[in-house]
Structures are given as structure tokens and as C-alpha cells.
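Per-chain numbering from 1; labels A, B, C and D assigned in written order.
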Amino acid sequence: MDFSLKDDVIALDKRIRAFLKEEVEPLEAPLFEHGFEALAPQLAVARQRCKDAGLWAPALGKELGGMGLPLMDFAHVSETLGRTPLGHYVFNVQAPDIGNMECLHQHGTPAHQETYLKPLAAGETRSCFSMTEPMHAGSNPTIMSTVARRDGDDYVIDGRKWFTTGADGAAFAIVMAVTDQDAPRHRRATMIIVPTDTPGFVNARNIPVMGEPSGGWASHSEIVYEACRVPVSNRLGNEGDGFVIAQQRLGPGRIHHCMRWIGICERSFELMCERAATRMLAPGKPLASKQLVQAWIAESRAEIDAARLMVLRAAWRIDTVGAKAARVDISVIKFFVAGVLERVLDRAIQTHGAFGMVDELPLAYWYRHERGSRIYDGPDEVHKGVVARQVLKGYGGPESGGSR
Amino acid sequence: MDFSLKDDVIALDKRIRAFLKEEVEPLEAPLFEHGFEALAPQLAVARQRCKDAGLWAPALGKELGGMGLPLMDFAHVSETLGRTPLGHYVFNVQAPDIGNMECLHQHGTPAHQETYLKPLAAGETRSCFSMTEPMHAGSNPTIMSTVARRDGDDYVIDGRKWFTTGADGAAFAIVMAVTDQDAPRHRRATMIIVPTDTPGFVNARNIPVMGEPSGGWASHSEIVYEACRVPVSNRLGNEGDGFVIAQQRLGPGRIHHCMRWIGICERSFELMCERAATRMLAPGKPLASKQLVQAWIAESRAEIDAARLMVLRAAWRIDTVGAKAARVDISVIKFFVAGVLERVLDRAIQTHGAFGMVDELPLAYWYRHERGSRIYDGPDEVHKGVVARQVLKGYGGPESGGSR
Amino acid sequence: MDFSLKDDVIALDKRIRAFLKEEVEPLEAPLFEHGFEALAPQLAVARQRCKDAGLWAPALGKELGGMGLPLMDFAHVSETLGRTPLGHYVFNVQAPDIGNMECLHQHGTPAHQETYLKPLAAGETRSCFSMTEPMHAGSNPTIMSTVARRDGDDYVIDGRKWFTTGADGAAFAIVMAVTDQDAPRHRRATMIIVPTDTPGFVNARNIPVMGEPSGGWASHSEIVYEACRVPVSNRLGNEGDGFVIAQQRLGPGRIHHCMRWIGICERSFELMCERAATRMLAPGKPLASKQLVQAWIAESRAEIDAARLMVLRAAWRIDTVGAKAARVDISVIKFFVAGVLERVLDRAIQTHGAFGMVDELPLAYWYRHERGSRIYDGPDEVHKGVVARQVLKGYGGPESGGSR
Amino acid sequence: MDFSLKDDVIALDKRIRAFLKEEVEPLEAPLFEHGFEALAPQLAVARQRCKDAGLWAPALGKELGGMGLPLMDFAHVSETLGRTPLGHYVFNVQAPDIGNMECLHQHGTPAHQETYLKPLAAGETRSCFSMTEPMHAGSNPTIMSTVARRDGDDYVIDGRKWFTTGADGAAFAIVMAVTDQDAPRHRRATMIIVPTDTPGFVNARNIPVMGEPSGGWASHSEIVYEACRVPVSNRLGNEGDGFVIAQQRLGPGRIHHCMRWIGICERSFELMCERAATRMLAPGKPLASKQLVQAWIAESRAEIDAARLMVLRAAWRIDTVGAKAARVDISVIKFFVAGVLERVLDRAIQTHGAFGMVDELPLAYWYRHERGSRIYDGPDEVHKGVVARQVLKGYGGPESGGSR
């Protein structure tokens, strides 16, 4: 075992931190005051500077204009970008676009890549991923009602999706729809590219979430597919591949997300320490002299470090044994890191008192936006079940048919 | 001991619930969508209907147009009103106005009562309470920088306050200012009525909190007092009474708040149960069949009931032995009930999944607005210290000078 | 609502505290050093003095030599007795005997009362209750393998029980056995009195628990019934009444237990405060000056008070609406109070440091013996399920067939 | 970063597991039934077989008859040995002897090594480490009352120590005593070897802990030093080195301990999974089908893995930057791993129900004995303070004199 970081990762991290400090953190205040959409011009400038600095799209291959970092290296970058709510967006590695890019890269035809992937990788368009449905638990992607019926050389899609992040303003959606209701559970659905200007693709509403009207990239839409017709050539992979492709995007996506959360934790931790060290309760007696605050700091330090090691080990396992064999690791980090995020953020806010709820620091922003971390991509409870069932296969209970 | 409820309390509660269902809950959706200020006309109508129904200002004496309920009875009413974010406002028992009314009633001169209390009690004006300062921990009201200098028959006030709730649009503030820096710690400050149109009373800004720009009653302002001159006759009580009056308003105020939180808990609990019972994971298998959801329901049921008993006992003790002797009880319920509120709300959101964060139910609203429950009126940590120090007086440590 | 205590309860409590201090607490040290059985002579003396003081068997009727306290009053007494591990035993209100006495009193024939109840009430014998079986979850008393076959005027009992507390040295057992496997689930079992000298009643072993060999009253036995023959007249109630009688003993028994736990909490709390107040970290700086210790004290104060109110309200509901209607309350206090007990005890030990684990204080004794509080009489998890299912009946899910 | 294990570590681990299964686990039942001392003959046999198998003293250098494993490798071995309460003892790497061996190896003179270290390394003697005092918090080794007065070529030691583990039957103690009260805080104390047959070395009593009378290696003694005279040549290092040497033994000792706890966690985890998989609630429905049990399994899996990574990283840091620079890591793992141990053990017991408290499995044994893990070597609360103060040095509060 070797816990050391590579020199080039350290050097890159330093450059990215400097860039964030210079170009991105100054945009936080206007973000908190005016929202994401109002920030569009400044974000365009920041993105251009990111390209100019040679830091664009670190997770993407060089042929797509990215830096071509392997997963273990990008993990560290994702943490650093997570320190500001705009980091991933400015670097063009934001969900759901990065996941869509990976899908298109691995499963798209040359035509898909030319039409959809290239402009996305260049940051000229945005996209969305349309899977969760209002009437079904998002945690189980094998049960859905949206149907894509084959009609000659077209698919005709009907159904309703929601929490489709970033649909507002997206150039296209990758939609998951049932193409064969009678197939085995994991072969029923197919992924299909649907340009958002296709007739029958209806953004019914941007769902207001946690007090924000939602718009642009920061939107969560309810989408209705009404006899929405696209050519069969818009299909990703073969019919019935939907679930398999969804699983594939999950592993690296989980690493990105979890490291982003750790970035949030680190920034919150620093704010907490700074507040504790500088807020005076009485002359010469900072808040940091209180034992409860010290306990929060120590526990946060421990938990953040543990979370990072767990995510990096999961990334290492994806790299060495593959996402399928690393399934338990990928589920474990979901609930483990989300739990750490919740606690660290909460302690940071409590340390700030009323100031922790004011829209000047990113704490209140994250408090609202990251409540979802324990819910999306399957609630923690579901992932715990996944882990337990995998673990229990090694034990001789009747459920597992084991013989031990 | 007797845990039964009085018949008239039960009857009144039934009437209030019916009124809320009819007149107030329909205003929640527009509140979540457009904010408090946009709702002004509808709220005015609802308040008039509340008066018409004879339910106006239940905590106020009949001579002020209220129902004259004793604390123990109003406690139950406050819980019921807490079931909707607009309940207390419509019934004119909302903080900080209700606290100001009690102050003016107990300590105001006849002129104060005529000029300030009457229109407030009638719901024709609003008011604010200006105590917390940016540079001092809000938990210790004996340390503050705002000064009221005596100049002939006037006080001239200089200083800076923040988190002055409802200042935007208020007719007057009750401000806490140091009148004698050399007096013993608890005799330094005085409460003074300052009409908000007094020159030198400057609302520097409405502080945006948890993603809301803040405005009207739902505002939290930073107020600057710049040589703000008011007649000495605007003083409440004697010079140096500020801390004592602040303490007095605390006891009943705590009961109101904590019961309001319990109302939030009960509504959240019902939403959680309803969701659990009706959300299907598979045909015939509701979310309520999951053991973790059952555990959340059972733990919430236990904790809410325990919290209510604790608050009612504190109210009973205020009634029977007085607020001073009930000091420990009043501090205990602060952190105990705030903790229950946090957990119940969190479980209710988690049970709803992504829908728990959508601005259709009050859950996401409370999640944002009630994060402050563990902070304002003194953070939980401070109250725990208060309780421990009181308890430890009974033990023979050197700290207490005891002899046991 | 009225939270005041009756004067006679207060006076009685004072007498009992004095008696415990004088006669029972001095026996704790020898108990921790030599175990329960070695203490028999001293305990006999203490019991006699208890009788002499007119404090004997406070939960039993006067016709049985007891004090005849109603449940609400005995609840307070049970808390006070719980302050020492020997309290209930000395006063002859210890489990399982007190439960057996109540059973015999309500369901025993005059002959049963003469033969079994009288000497038990007088403290001349001990008894046990033989229900839990090794192969079945103790939480579900409708599933058991022990069978009582009718043979003429006898029952012939075969089966295996364990965790039969106090079997070692008991005069008789009340055993729960299936008399009609084909009856509806709650009518299958019957309670039968089995003198322990009956052939075929075999105490297979005293199960060592938590490092103690177990013996006498403090034993937990595995009992084998091998063609154990007793007359039909030894039956309590009618055939099939077993479950109903078991449920009846549960309600008051739960109150006794929970109040005993609260007594443990109060004593532990006092030890914690005393240690905190007197243990010096440095001259003039007691352990109580540490904020974490203060938080433990405050949280414990809050939780113990909440637990007590919950149990008293459950007792009040048993008294006013009956044990069946109070079913949720009776399940709620099981897990709620057991949780408080666990936390308070843990904090008290942590406050004492290594001394908290030494067998001089009762803390280490309770730590070992009361780990079972979250397990016996049904693990907490089962009770949470009971509560949730009852609560959910009020909500219109398909499970409940409701219509709301 | 590289999370892979070396092949030879994997191979060694396999051999050790086989040895434990064969030679050590069969001794658990008699340990739980009869205690440590009764087991002496069997343990002697097991130790001889350990030597024969070439597995003796893996943490010791080959020149001492050990295997000479570096810290990172022994860490894994310590985890595996921790799976049984007798593992470390049989392999002669048990506390406090292993720490004493390391001290003697690094700081002992050739004569010390001949007289004390050799027989200890060979398992022919036992030893103890006499530092904690009844009147001072064990967490601060700079405050103590035991004094070693220089008298010619002798030290004369007076004072009282307690919780001196393994003193009963030890050949010698290493005692920490103040040699210069006026020196700077960290230079006051000195370590001195005291053979236990020295006049004035009085084992006042074996302190009974958690229901066990305590004896032999499993004893915790109160030692009185009464004018106890030893030659100055018994000193370890120079006068005043006591604290420094104590700190040195701490780092590797912490790794050993924490990995041992992880071994306990893993065995408990396996017992929990096995119970969950095989205990039937109803035909075909194992306990493992309950969602709460699944959550316990998943959370335990996550926490144990996180704990192990944290300890291994701390070991790696001790190896690469030294124990002093790794100070925060060494404090972090103390409370982090102790917390995991507590929760995993508790869940394993709860999963077993009443059977979890029976002295057949090691769970109840560990529950009692490992309660100390959050207390000894400094309570968790102290370590949290250490971590926080180190972290806060990087922040510009007045406390740290920083300038940021």
C-alpha cells in the first residue's frame, strides 16, 4: 500500500486552485444573489479562460479537447472543483453533461459523436438525462412507464419524466424508455437521443426546488413525451442495452460526485476553522476555545479523510477490477460520503451561528442544494440494501442458497 | 398528575383546525411560489376572517381584542397554528410582534399602549425587536456595542444591529441599547421604542437568508442607528431594565416557539405517514412496508410526544413557580425540541425522496427556514451549558462552592 | 393537565429513599464483589426490615400483605427502587415474581392462590416465567414449539425454553405451552403452573451471561420439559388464554421496568454530576468545566425527564383507557426509555474514565446487565414496527384498507 | 496511490488464520467459562506451537526471535490476531509487554536487554507499565505525583499507580516517576525499571473491572511504591526522558491497538452476518431480510473499511514522515476506530438478541472489555482536542498567533 500522491497530480491541483481563486470564487457572490442564469456572460468568460489555461474538461480525452486524466487522477481534480458551486460547470465536467459525454463516447456512432458529443465537449451546448419518473421510485431503473414504440425507422416515445436536470436550455436529452416490456427485467429499456426541439418533447415545467424557481443548467424539469418521434438511428447501443449503459455511467459518475462532495466538505471545514479561530466570545477567547467546536473540528477532520480514502479506494478498484466487481464499493461510498457531507456542513453552519444561514458564504447554498445527496442516484437506504445483499451472499443463509 | 385536556381547549382546537384548512392552507402554494410579500392582499383577507370568526390574537388579553388564553391553553393553540407557515401571522401571534405586544402590555406607559400597542394588537402595524449585533454572539445579551446616550430629554442611539426580523415595513422597533456601560452586567442596557421613520434609523439592507431575498415580515435586516434621537419617554421601564425585560419575554416566547415547532413536526409526521402509506414500491407494497420507514415513523411518534410533554410541563412550571424558577426547563426545551424538529423534518423529507425537496409541500420551506431553530435565541450549545451549570449547583464541586 | 405529584407519594418516596440508603445501598459493594447468591443472608434481613417498616410489596394488594398502590403511584416507587440493583428484590416487587403474582391474583383459582401466590407474596418462595424458546424469536409469543398434551386429567409437557429468569431455586414455573396447534394464532397457547420438583422439569443449565455464571434469582436458565406431567387444575384461566394473559401482564410490567430504568438513569446522572463537580483536571478546574461534559449533563437531564413523562403518561393511559387502547404508548416507552438508559449510562461511565468500569460503582454492573434492555420483552426494532403499523392504520394506504 | 496488498502479507495472513482456527479459537470457550488464569497450561502449549510454526512475535526483530515485520505489515497481522481475544497473547505481541519490549529495545542498556528484554521476548516472563495515577487524569502524563528521589546510586520511589495492566505475576514494571519537579513540563518524569520483587513495590490489589475479579495478564492493579529502592542503572534513557519515550511508544502502539479493534470488528461483523443469514423469523424468511439488519450490515461494512484505511494511512505516515509529524493521524484513529468498534459490536449483539449476551460467542466478552477503548490511552474527548488544536494552528486566530 502506498498513500502518496503523484507529483503531477499535486502540480495540477495547485494550478486549478489558483484558477478557481482567481476566476471562479469571485462569481459566488453574484451566484448567491442573482442565481445561475443571470451569471451566463461571466460564466462564458470563465470557461474561455479555463480553455486558455489548458485546464478544460480534465475528465475527457484529448481528442475531445480534454486533458485525458485517468479516473484516479480526475478524482482529485473533482474534489478541488467541488470547493466552489461553479467549479465543475466552468471546467465542463458538470453532471449530467459529463455522464452524457461518456455515454456518447463509448456507445455513440460516429454520427452521434459528430452531432452531439463534439459541441457538448466544446461547451457549446448542454444536454440532459431523462430517466426518473414521477410514478416510480427513482432507485429502481428497471421499472418505468415511458415507452418507445418502433414505427418503421422511427421510435415513437410516450411518457413522463421528472427531475431531468438541466433540461431547460439543453440541446438534447438522452431518454431511457422501454422498448420491450416482455424482455427480462434488465433488457427492457433502451437509451435514445432526443433533440429538445423534436415535436412531442415538452418541458412541462421547471420544478421549483428548495426555494429556487430553477432554470438553465440549474433546472429540474418535468418532461412529457407525447408521440415524440425520432429516427431509430438515435439509439445508443442495441435495443435493451439501456440498463447496462446506465450502470456503466454510474461507477465513474459516483466517483465524480463523491469527490465533489468531499470538496464541499473541505471548503466548509476551512470556513468552520476560520470562523472558530477568529470569532471572539470575549477578548482573547475565540470560539475555537469551546470544546464542542473542537470536537466538531476533530470529528470532521477524521470523517472527511476517511471518506476520501474510501472514494479513492473505490476508484482504484474500478480501475483494477472493473465497475462490476467494485459494485459494493460504489454503493458504499454513496451513503458513507453523503452522511459525512451532511454532518460536516451542519457543523460548519452551527459554528457560524446565524451568519451560517446568510447567502454570503456558500454554506447555506450547499445546505439547500445538497440535501439531495442522500436522495438522488438512489436514496441511501437503497444502497445499504444493495451492500447488505451482496455481503450476505458469502453467508450460508437460505436466501443466498449458500452451503457454508 | 393528570394528562387530560380540557374540553374547551379541545373544542377551540377543532375550530382553529377547520379555519386553517379553509382559509390558510390554500395560501401555502402561492407562498412557496411567490413569497410572503406577494401574498399581502390574501393575508389581509384571512386576518379579517380570523377576527370575524372570533379567533383573533388568542394569546392577547380581551381588552386588546384577543382571546385572553392562559399560557397552558395558548400552548396547544400555538402547536396547531404551527402546522402551516402562515398560521401565527394570520392569527396575529407571530414573532416578534407577539413578544413586543407582551412587553408593551407589561412595561409600556398608557401612551405607549395607545400609540404602539393598540394598532399592533389590531394587526394594523408591524414591529421589530432589535437586539442581536454582528460583532457579538447573540447568545449573550449582556455584551453589546449599541449605545443610547442621554441628551436632555432625548436618547441618542448609535450602533449596528442585525437579524432584526420584520424590520422591513415595521412601524417601530424596540431596540436594546447600553445606557450605562459601568453598571453591573445585567443593568447596562435599556429597551427603547424607536419609530422606524425616526431620522437616523437606517435599514441598511434586508439580509438574504437561505436563498430568499427577504422582505416584509419575512425579512431579517441589518439596522444602523446613526445619532438616532428619540424622547426619553420612549423608554420601556427604568434605565437598566433591558436585560430583565428581555428575560421576561423569553419564557412565554419559548413556549410559543417550541409549540410552533411541534406543530411543524406533527404536520411533517402526517405527510410522512401519508407518503409512506400511498407510495407504491411495487403493486401492493407501499413504502410503509419498509422497516427503516417504520422505524422513522415510530421514533418520530415517540420524540414528538416527548417534546410536547416537556414543553407543556415547562409551561406548567412557568405558571406555577414562575419563569425564573423554571429557567432550566426553559433552556432544556430549546435544544430538546429543536433536535426533534430537525430529525422529524429530515425523516419526512427522506421518506418523500426527491419530492420532499420540491416547493409544493411545506417540508422544503421548513427545512430552510427552521435550520435557525438550533441557532436563534441562543444556540443549543449555550443552552446546554446553562442547564449543566444550574444542575451542577447541587453538587459539591469547588466551582459551586457547595458543601455536599 | 396537571404535572404535580400527590403529597402522599412524595412522603412515601422520602421514606423509601431513607430505607434504601440505610439498608440496601450498603449491600451493593458485596453484591459487586461476591455476586447475588452470596448475599442471601443479608438480603433476608433487609427484606424483613422492609416488612417491619411497612414498605413491603408496594405493588401488591393489602390482602396479600402489600401496600396496594395504584399503578401511577407505584410507578414513582419503582423509579426510586431502581436506583439500586437490589431495590426491587428487597421490596419483593422484582421481575418475574411480581408479574407471576399479578397473574395468579387475576387468573388463579383459590387453590392456586393458597399454594403458590401466598408464599410468593410473603417472600418465602421464588418463581419463574417460562416462555422464550431457543429456536424462536422471543418477540413473537404466538410461535412456539413447547406442547402441553392433554392426557386424562393431566397435561404432559414437552419442549425447551431458555432465558427463564430466576428458575434456579424457584418453587414453580408458569410455563407457556401450545395446547391447540390448530386454533387461531392467539388462542393456541395456555399458561400452566409447574412446580419445579415435578419429574420431567429439568433445569439443563444456568446460562452464563455477560461474564456472570448466573445463579439464584440472578439466573437465566435453559429448561427442558420431558414428558413433564401436571394436573389440568394447574392451568391458569381457560385453554388458549395464554396469549391474552401474557398481554395483560405486559402493560403494568412495562411501566415497572421503564420506571426502574429511569431510577438507574437518575442514580447514574447523580454519579456523573458528582464526578464532574469533584474530579479536578487542574487546581480550580473541575471536569465539570469541560463543555462536552456539560453537554452530556444537559442532554441527560432533558432525556431522563422526557422519558419519565412518557412512562407516566402511558401509565395514566393504561389507567384511563386500558392497556389495549394504550398499546402504542406501551411499545413506545420500551424503545424510547431503553435508548435513554443506554445513552445516560454511557455518558456516566465516560465521565468517570477508567473508574467508570471498576466494580465499585453500580455503573459497570448496569452497563453489563442492562444491555438487555434493548433486547428482552421484544427488541426495540420489533416495537418500532408495532408502533408504525398502528399509526399507519390512520392513513389511507392499501395496507390498511383505509379510505382517507 | 496504490491500495494493493503485498503477496507475502497475504500469504502470512493465511497461515496465521489457519493457526488461529486450529490452536487459539478452541480456547475461547474455556476462556469465557473459566477466565484467563485457569487457561495457563493450554496457553503455554499454544505459544510453543506458535514458535514451532515460525509465527512467534511478528512485531519483534529477528535477533529477538521475532519475525521482524515492518509496522505496515504487522498492522495487518495485528488485525488478524485481534479476531480472537487470545491472539496477541499467544503470539507474544500483547500489550503492555510489546510496548515494554520496544522501549527496552530502543532505550535499554545491554544489561537491561539481557536481564529484562530477552526473557520477555521469549515469553518466559511478563511485565507491566505503571503510569496512570488515581488522582490525576490519565490523559495528561505530565501531571503525576509519584516521585523518584535520587539517593546515592539509587532511586527511591514513592507514589501510587493504578490500572497497571498485567502487574499481577509480572517480573518487572516500567514505572514513570517525577525526578525533577522544577523541570519544564515535558522533562519532569523518568522511566525506571522496577523488578516486582523489590521491597516497597506493593501490589495493593487487583482492581475488579466489569464484573471480573482480574488476575494474571488480565489484571489491572493498584500499585503502591513505598520507599521502593532501585539502582540508578535501572533508568531508561536520561533523566527527564520519560515523556519523550512514552510518546515514542504511543505511535506504533496505537497502530497495534487500532488494528486489533478492527480485527474484533471483522469477527463481530462475520458473526452478525452469519446470524442474520441463518436465524429464521419464519420459514424462508431469515433475519437478514429485515431492512434494519441490512442497514447495520452495510453501515458496518463501510465503517470498518474506512477505519482500516485510516489506520493504515497513519501507519504509512509514521513510516514516511515519523510519529511526530503524524501526531494528528495518531490521535484521529484513536477516537475514530473506537467509535466504529462500539457501533459494530453493538449491532452484532443486537442482531443476536439475547444470544448476543451469552458467554458462548466473544461478543459479550468484547462488549465488557472493550468499553475501555474509548477511555484508555486518553479518552476520545482529549484526542479530539489534540486534533482540533493542531488543525487550528493553520488558521489565523489569536490563539495560534497566526497571521493568515
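As a convention for this text, a contact is a pair of C-beta atoms (placed from the backbone, for glycine too) under 8 Å apart; a residue touches a chain by one contact, two chains touch by 3 or more.
Everything numeric here is computed off the predicted structure, so don't read it as measured data.
When the interfaces B-D and B-C are ranked by how many C-beta pairs touch across them, B-C comes first.
Greatest Cα centroid separation from chain B: this falls to D. Rounded to a whole number, the gap between the C-alpha centres of chain B and chain C is 42 angstrom. One inter-chain figure worth recording: chain A and chain B are separated by 38 Å, centre to centre, where each centre is the mean of the chain's CA atoms. Distance between chain B and chain D, defined via averaged C-alpha coordinates, is recorded as 52 Å.
Each of the following residues of chain B touches two or more other chains: 290-292, 295, 381.
Those residues of chain D lying in contact with chain B across their complex are 290-292, 295. Interface of chain B with chain A (complex): residues 32-33, 132, 137-138, 140, 143, 162-163, 207-212, 279, 281-282, 290, 292, 349-350, 353-354, 356-359, 364-365, 367-368, 371-372, 374-376, 379, 381. If you check the complex, the residues on chain B that touch chain C are 1-5, 72, 273-274, 276-278, 280, 284, 286, 288-289, 291, 293-295, 297-299, 301-303, 305-307, 309-310, 312-313, 316-317, 320, 328, 331-332, 335-336, 381, 383-389, 391-392, 394-400, 402.
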